[in-house]
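Structures follow.
Consider the two complexes below, in which chain A is the common component and chain B and chain C are the respective partners.
Our next item is the complex of A and B:
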């Protein structure tokens, strides 16, 4: 995207909380969570060619780490750190968890790696339930510490009025998420265009050639897993702030389950594997659709009994993956490039 | 100086290389030839660290290459081009060539994503463009590789190997898949690399015309053994070589 085009995009995104009500802002925040996670996965699976279905697990690692590091509950383990430090710590712990998976990632490839990584989701399911002193357990969960930045609280505390609109917790969280997404995007862009990004693509396209050019394939794979997990961990922190609760899943389908791992993969594929703007667009489709359908559910009147917005949007993005694979393997990113070429 | 000292490579009962010894002297264009299945590619893969020989030694100067993990070779100044142009087809020519600068640059995710390496990147990109200009593909530098003809991608592969700033360049059947005209152009390019850049080249090839025209030294392999080693003139008249290439004449 050209640099000038960013200005109106930024202005709109910054002004939205002044016009939209909280439920719409919540929907937008959810898409931003998806975007941060999807950027991480598109680096791993798209740029470096390592299929992973473990994203849900790393989300849980980040979510739990933040809750534990910042937690002040008496009956649970909590270090009571400053929330910003807790956020940074949670991202770092998630990255380490990614590195810990490297011995497996270095040995298996392709679909086998995908299946091996899926095992982590089940590990997370077990740990989430077993380590109740960290996660709060499945029945009650645990409330995360409210995010604070240099004394400014991202909650309804105090009054802050901009242009006649009171900025409460939801509006404040919107700006926090916007900053985190912008930072994630900018960092990923920088990495992809330079030395580290080239080594990822070399490992993806030909390991023998990568080796001959001096790329340590094992180390590169471990590194890209760390980066991707760090992104997932950040998305995990965002998700506990969004729900305002950390609640481990009761079965393999849930906030940190298989369905989440697949949803992130869907974002990366629909957006075009390896494309960072594509990952954001994919997140808007995959995480935006259920949110919008829920907001409109009463107006639409489609949803009765077992037909839920989540179910309908699963079908829609499932179909979108099939269409992408069949007609445009480059995903939304390739469609975007083509529109750009037509205009110039 | 690259020295192979009695290198033997066995795959189970099959002897792919049988006590192969030869020396590539600095600045020379050394060709490794032989009929199909003679062990040329095996020998090449031993040198580049993809195969570990059963016995024998491979040395570059004082350094025993067999002690190192294969990705370390680029750092020692060994550049390698591939038979099937193992490049990233979705990336641009420049991006592909810049991969060759990997060992000459530093920076992981944090340094790269925070743009700390930006100036270094620019400097190396300029050098990569220079290398592309030298090989006559300067005009294609910013194009995606997938859109280019095969002859050009071959040169991109060589450009990437040269981007390592090697003092030994390994070329694996560079003429494979090229027509006569492209082969002649390639021969000129290889000769130019040797004379202008003064680096040693080890060329694996079965196109005899290409080899005999440009090589200083030729090693001939047959059934995994060295059957001749000398100047192109010596080798061409060697009865064993003629037999290996044309079949036994009695």
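Our next item is the complex of A and C:
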């Protein structure tokens, strides 16, 4: 995208909280969470060619780490750190968890790696339930500390009025998420365009050739797992801030379950594996559709009976994956490139 | 040319924003009330795993609203229900909430424990009195939660006292408790743990997940422990499996279950013949209970022409409406139809009567369940609704003494 076009996009995104109602902002924030996670997965699976279904697990690692590091509850483990430090710590811990899993990627490849990584989701399900003193347990969960930046609280606290609009918790969180997304996007772009990204692609395309060119395959895999898990961990922190609660799943189809891992993979595929703007677009489709359809449907009175927004959107993104695989393996990113070529 | 195009696009993107005015920020306390109408919210699961229960509750809510409006409404205002479907997805509910919250005075229904967990903080911040369709006493740490009926822990305590009174259980016995991990199971276990401590029972608790279907190995294990009673805080399917294993393994001990662990559909399942040892504890009546009010609702249900097969959700939904009616009337007498007023009126409601659909309710003590009375029923395929009462409303001594987790805080 041209650098110039970024300016109006940024202006619109910055101004939206002044116009949109809280429920639309909530939906937008959810898409941003998806986008951060999907960027991480598209680096891992698209750039470095490592299939992973463990994204849900790393989300849980990030979410739990933030809650523990910043927590102040009496009956649970909590270090009471500054929320910003806790956020950075949670991202670091998630990255370490990714590194710890990397040796598995040295042993198995392709779909086998995907299946092996799936085991982590079940491990997460078990740990979330068993480590009640960290996660708060499935019964009640635990409330995360409100995010604060240099004394400014991202909650309803205090009054802050811009252009006649009181900026309350939801509006403030929008800006926080926007900053985190922009940072994630910028860092990923940087990694892909430099030597790191080239080593990822070398490992993806041919490990022997990569070794011959002086790329340390094991270190590269460990590195990309660390980066991808760090992104998932950040998305995990964002998700507890969005939900106002960390609640480990009661079964494998929860906030941090298989369905979440698959949803992230769907975002990466629909957007075009390896493309960062594509991952963001994929997140808008996969996480945005159900939310927006639900909001519209209550406004307009659509979808009565058994055809619900959630159902319709699962069909839409299921169909999108099939169509992408069949007709445009490059995903939305490839379509975007074509439009660009047509114009110039 | 390209530059020009981009500039045009940029202007086109920004222009509409500048043209329209920003959103207002007015916050009032009397949301959901006009001179003619009171709007109450329903956040239901009309498409997810608890579709049939939640739909029935919603229909019960609707029947009540219709009856109240036909009788002239409350406080000279008609009741309007604003219903949304979150499909048991906490993320959908979290986005829907800010859309529906500014329109309603309170929520007569909020289905789904993950949904309630995700919205708890909002409900407290916005001071919206809410009736969750979940009966965990852990929810009572939220002062705005108005649970209609008793809680899972107290169901277990009352049920165990009943079994002991009938000679099926003695002090010092071994007891097995199978529970689903989560808010529901943990709360049931809390009750059985309390009772076991009081009566020196040896409690063997087994945690399962809600997606488990075959409990044969679990029951085999309990048989090895020599249990005299099996307690279930499970899903109906799991109840069927446990009951069948109880019979097949020749264990044949009484089974005591929480209300949600039984579904009349079990009587048509292969486990039907094994249900004779099952005792169900509940504070709300089944659909075809032999109570005038329940019969009246069954008639109205038939007259309303709903397509779904009825279940216990409908009388419960109606009962919740009745409780809300009582609270609204109280708020009207206090001349305070605001959210604060509703909350105050709720705390002043110490004897809400629902025509025996639910035991008399007292919301006066923060953190305490509104009632400790339960029915005990047994499955009976010949009885309308699939259960027959073996014990009318009662309250055990042990339940009276029990302190709920957030009581007196």
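Criterion: the second predicted complex is superposed on the first by the 334 of 344 C-alpha atoms of A that agree within 3 Å, B and C clash if a C-alpha of one lies under 4 Å from a C-alpha of the other, contacts with A are read in each partner's own complex, and residues count from 1 in each chain.
Here is the rule we go by: a residue touches a chain if its C-beta (ideal position, glycine included) is under 8 Å from a C-beta of that chain, and two chains touch if they have at least 3 such contacts.
Just so it is clear, the model here is predicted, and its values are computed rather than measured.
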| item | value |
| --- | --- |
| More chain A residues in contact - chain B or chain C | C |
| First, second, both or neither for A:201, with chain B first and chain C second | first |
| Touching partner for A:156 - first (chain B), second (chain C), both, neither | second |
| Partner chain(s) touched by A:245 [first = chain B, second = chain C, both, neither] | second |
| Which superposed partner A:109 touches (first chain B, second chain C, both, neither) | neither |
| Touched partner set for A:227, first chain B, second chain C, both or neither | first |
| Touched partner set for A:337, first chain B, second chain C, both or neither | neither |
| Chain C-contacting residues of chain A that also contact chain B | none |
| Complex contact set, residues of chain B against chain A | 48-50, 69-75, 80, 82, 86-91, 95, 98-103, 105-109, 112-115, 117-118, 121, 160-161, 164 |
| Chain A residues touching chain C - in the complex, by the definition given at the top | 2, 4-5, 7-9, 11-12, 15, 18-23, 25-27, 30, 129, 137-141, 143, 156, 161, 163-166, 170, 242-245, 247, 250-252, 254-255, 290-291, 294-295, 298-299, 306, 308-311, 343-344 |
| Residues of chain A touching chain B in the complex | 186-188, 190-191, 194-199, 201-202, 204-206, 208-217, 223, 226-227, 274 |
| Chain C residues touching chain A - in the complex, by the definition given at the top | 2-3, 5-7, 9-11, 13-14, 17, 20, 22-25, 46-48, 84-87, 89-92, 94-100, 114, 117-118, 120-122, 125, 136, 138, 180-183, 185-187, 207, 209-211 |
